[in-house]
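So, here's a batch of structures to check.
Below, chain A partners chain B and then partners chain C, in two separate complexes.
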Partner chain A sequence: MSMSSALTLPPDETRRSGFFSRILSSDPPRSWVLSLILLAILLVLAATPFLFSGSQPLSTAAKICVFIVLVASYDLLLGYSGIVSFAHTMFFGIGGYGIAIALEQIEPTWASAGIGLVAALALSAVLAAAIGLLSLRVRAIFFSMITLAVASAVAVLASQMSEITGGEDGLSFQLPFELRPAFRPLEDQLFGVTVNGRILAYYLIFFVALFVFLLLLRIVNSPFGRVLQAIRENEFRAEALGYRVVAYRTAASVLSALAATVAGALMALWLRYNGPDTTLSFSIMIDILLMVVIGGMGTMYGAVIGATLFVLAQSYLQVLMAAGSEALEGIPILPILIHPDRWLLWLGALFIISVYAFPGGIVGRLRQAKQ
Partner chain B sequence: MTDMAVDTSATAELPRTKTDWLPLLLVPALALAALPFVGSGSTWVTLTVAGLAMGMMIFLMASGLTLVFGLMDIINFGHGVFISLGAYATLLVLGPLAGWAAAESLGLNLALLGLCIVAAMAVTGVVGAVFERVIVRPVYGSHLKQILVTMGGLIVAEQAIHAIWGASPIPIPLPETLRGAFVFGDIVVERYRVVAVGIGLVVFIGMQLLLNRTRIGLLIRAGVENPEMVEALGYRIRRLFVSVFVAGSALAGLGGVMWAFYRQTLTAGMGMEVMVLVFIVIIVGGLGSVGGCFVGSILVALVANYVGFVAPKLALISNILVMALVLIWRPQGLFPVARR
Partner chain C sequence: MIQTTKSPALETRGLTIRFGGHVAVNDVSCRFTPGTLTAIVGPNGAGKTTYFNLISGQLRATSGEVIVGGEDITALPASARAKKGLGRAFQLTNLFPDLTALENIRLAVQSRADAGWSLLKVWNSRRDLIEKAEDILERVRLEDRRHIAPKALSHGDQRKLEVALLLAMEPKVFMFDEPTAGMSVDEVPTVLELINDIKQRGDATVLLVEHKMDVVRSLADRIVVLHNGALVADGEPAEVIASPVVQEAYLGLEAARD
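Moving on to the complex of A and B:
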């Protein structure tokens, strides 16, 4: 095992062992442009509360953080293990409902948030393991269909069990006192901004997201991650080398489910609300697919690029398209095609082109350009 | 098929493949087992007939997918969009012929339904051919890419439906004489469900005859077993692939029409919603098996109906339970297709 993982390491990665290299698990972006973009995203996200005023930019930034975790955890499955799951939003939703139910039913304190998160993580792990063991022992393709079926059943279940989950309306709840807007930890303003609980909540999300992302990067670059990639490349050969394919794939799906659960918890914490539309719906699943493929499968950094691009597009592209649509008024067909509601059409087309022409997505493209 | 005598003697010498009766017996066994739980006999008949009709509609939608998978080893996650498209294609007929739908004549109503089906199958068949060429053909052989790219096709096609017909749901009324139900004592049978059972049976029998009694069917079955060998024997497997894909899409369109009239509303997402059931059915039946798909559809629909009556809370997860139990019993589905 140690030999095979040492052999698969590219030579330049074994040499470096500086601080940054260790933080990034010896898996640097490997492209100047990509490094700069990632750095810019990191810095802007870190400084958002002080750079922009108003609540919309902060919400967009928080959403980007949450989706980076969600998409990166999905990349662990899709990009590194080569299996397609449609149940990722289910785990996202479990995390959200875990926090929401605990804070609403027990009391708005840190302890109950902890209980909710732990319960959600446990439920996700059990479900992911069960689905994996049931479907992955036959063929990976079963996994896709079964996850789709199970996820839709859970979505229906969540909207039906309204006494616990709030049904279609979802649950609104109070956060622990330190995360409420009324909480003021500092007497004075900091860089001209009043620090309140909302900003603390943002930083909680930011740092947890950063931590989970680096953890996922660590996982995919560990010997375990190498085995996953070996299975992805050639299942039969990996099995012949003595790795239990089912066990590895199931473990990957459990890890990815746990990370998605954390992302769901963060989302609920930010929105102070959780409902079927914010975490469980199938359209979010499609969004995740788009983000991971356009950003770049099997790169982890692709998750950062994809999530940032997509959330920005979701928030601002429609405005742009509305302007374009009005400008082209009078010309046949064109205004219909760039109607603001059609933005998904274009992302879908971009998605198909990405799968065909740039399997590595934007990150793969940038890395190629360097060579 | 001219030399039948030689044919039969040849099969007599070969060890006959045993018909797998167990899964077939499952359906009547299940229906009988449900009887004591349901209680009243007339309710049981009503539920069973309704379940059969539901199963037929699911079969219509699922059969194309499983056929394509069996022959081409292609899993089309965009199959649902053909269901939606078939459903929307009824508008092409219903618009100009609204009078036929309102007429109190069974003949005109059925003719209208027939025209809807023809229109839907034509539209989905053509789109299927384009879909195969543009979306699917570049990714033969890679399941991962197939799933991704067909999902992409689904997104684009759903958006295109939104762009053409608008995003809001469109109501479509059932033709006049197909509404309501036949009532025999306590037994209630919706008329439309009888039509659905009829069409489902015709398609199933037609497919079985085509697959088992014709030359094309022989080639398709041979292609499922071993495509390289069929190609080596000089048949253009590619052409066969394309025609099966088109046929599969057209079947989805047919299923879409039936499903649309059953729901009586059109939404672009309706195909994707029912795809969950479709996937369960083809997994239960065994990927690639038409017979398995038929049995699976009826099994799933009956269970959903019985459970929905006896314990409504459980109905939501009954399909998943059926699937889990079948997979524990036979990990490849009821009728595993040999090759893969």
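Moving on to the complex of A and C:
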């Protein structure tokens, strides 16, 4: 896999690290424009409950948070380790089902959510380690095929075992009391907004996502992360230097699976539902791939940009097109072309254009502009 | 024989590999002792690089054993052999093409320090590893190339970096596979000096595959000759070069021309 050097050349000066540098693991965005965009995304996500009214903006923001974690964890595999896996949604799904099954089958409390999450993490770790140890020592394409097969098998299993998983219908469940809309922690309004369990749930997701993202950023900038990049560049030489390639790759795929599991759990918590279409489906796998590539592989920050753009486009492109279509009424063909029903066509076109224009992803492009 | 007093750092016993019907390395038994630089010579296709690959673990032997410091390591993968003190520089430049020169070396230093499994520290918190990498960068005279990625380095600089990685591993056994191949004339002395430095330290075991006879004469304490995968001569340089079997097998053409 060849990547432009703008993505892979790490900064190797060791400035005496300040607070931000430490939080960002000495891997700052390295571009003013990128820093501003990231800061804007962070601030808007942090303030969404107070900036926008209605449930759709909050849901969109929650989904962005979840997908940032999901895409960043995939970048650890694809961008940093050069591993192509198709099983990422499987781990996303395991996280979702862990929460859903525990809250539905046991009781809607924090303890059962904890049990569900821990069980899901354990299952993901075991599966990822097994797939890794069995197939990461052979050719890369074989590993990809194995992940595809296992992911398909698990998807079939999830839809067949309907007594536990709810089959194709999925599972709806109650959240612990503090996360329900009826819960009001404050007597008065805060900045003109009534704080309820829904907003608390949003902040739970926001902070967990922020923490996991920073943790992933730390991992890719650790001595371990540097070994992964070395293996991606030249696995033969990494092995000759004394790094056990299979062990490192397997560890990377377990860590990535764990983060995806957390993302799945967050998604289920937000939706109060989990089913094949929300976490397990293969189309989400393709979305993840697109988000990583559009944002910029091997950059971590690309995950933030890719996930934000993609989820926004998914949520608002149709609305935008409807407005455009109405505005252009009377002109031949044009209103039909941008009719909201054709939003997927335009989404596809946008992606082709962005991949063509920014082969190193948006982050790669912004960093290049700086140089 | 020259090496009688010290126990060998590295030994191969009946080392053989077959590719289908072709025997690339055939029953090679040889001991390498600390403080000795052994040149391994032989015509193209004699099995020199294959022999190296069998020792450092890139290839698995069909039969025979590789012993390092008295321990049989034949079953170990290349990474574990590196940890046992076998260091290898490659004939065809084999680096991390998109990482900086310094990072290439730092990764080797990091492996030597067993620091690869640290997940929650930032890489640059190990200041000592970076400093060590910088020292080595200076030793191979690449300090002004520290931020350049190997893919943008000249061939000669790539070769020096290859040697730097081997130095960074601090192995007990240094294996150089034609370290000066393709280098311009004025760059060769730098590399030869480095090899000589290692040799002067006295406790290193050095194996050197080399085609240039003047290099072999000036550096080697001992010459081993491979021909068609078999060991055909082994001894002090003057003696080996003069022996009829070597004249015929390897130096035959050269001798006829003189």
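One rule holds in what follows: the second predicted complex is superposed on the first by the 318 of 371 C-alpha atoms of A that agree within 3 Å, B and C clash if a C-alpha of one lies under 4 Å from a C-alpha of the other, contacts with A are read in each partner's own complex, and residues count from 1 in each chain.
One rule holds for everything that comes next: a contact is a pair of C-beta atoms (placed from the backbone, for glycine too) under 8 Å apart; a residue touches a chain by one contact, two chains touch by 3 or more.
What you see is a predicted model; the values in this text were computed from it and never measured.
Once the two complexes are laid over each other on the shared chain, residue contacts for A:Y356 go to chain B alone; chain C is not touched.
Contacts of A:L241 after superposition on the shared chain: chain C is touched, whereas chain B is not. Legend: residue contacts after superposition of the two complexes on their common chain; A:A111 is shown touching neither chain B nor chain C.
In the superposition on chain A, no contact is made by A:L43 with either chain B or chain C. Contact with chain C, but none with chain B, is seen for A:E233 once the two complexes are overlaid on the shared chain.
With both structures placed on the common chain, the touch criterion links A:F142 to chain B but leaves chain C unconnected. In the superposition on chain A, contact is made by A:N221 with chain C only, not with chain B. By the document's definition of touching, of the two partners only chain B reaches A:V293; chain C does not. Once the two complexes are laid over each other on the shared chain, residue contacts for A:A369 go to neither chain B nor chain C. By the touch criterion given at the top, residues 78, 82-84, 134-135, 137-142, 144-146, 148-150, 152-153, 156-157, 160, 282, 286, 289-290, 293, 336-337, 339, 341-342, 344-345, 347-349, 351-352, 355-356, 359 of chain A touch chain B in their complex.
Only residues 56, 58, 77-80, 82-83, 88, 90, 94-100, 102-103, 106-108, 110-112, 115-124, 126-127, 130, 146-147, 149, 151, 165, 169 of chain C touch chain A when the two sit together in their complex. Residues of chain B that touch chain A in their complex: 75, 77, 135, 138-139, 143-145, 147-149, 151-153, 155-156, 159-160, 162-163, 167, 272, 275-276, 279-280, 282-283, 287, 313, 316-317, 319-320, 323-324, 327-328, 331-332, 340.
Against chain C, in their complex, chain A makes its touches with residues 3, 5, 8-10, 12, 14, 17, 22, 25-26, 218-219, 221-227, 229-230, 233-234, 236-245, 248, 255.
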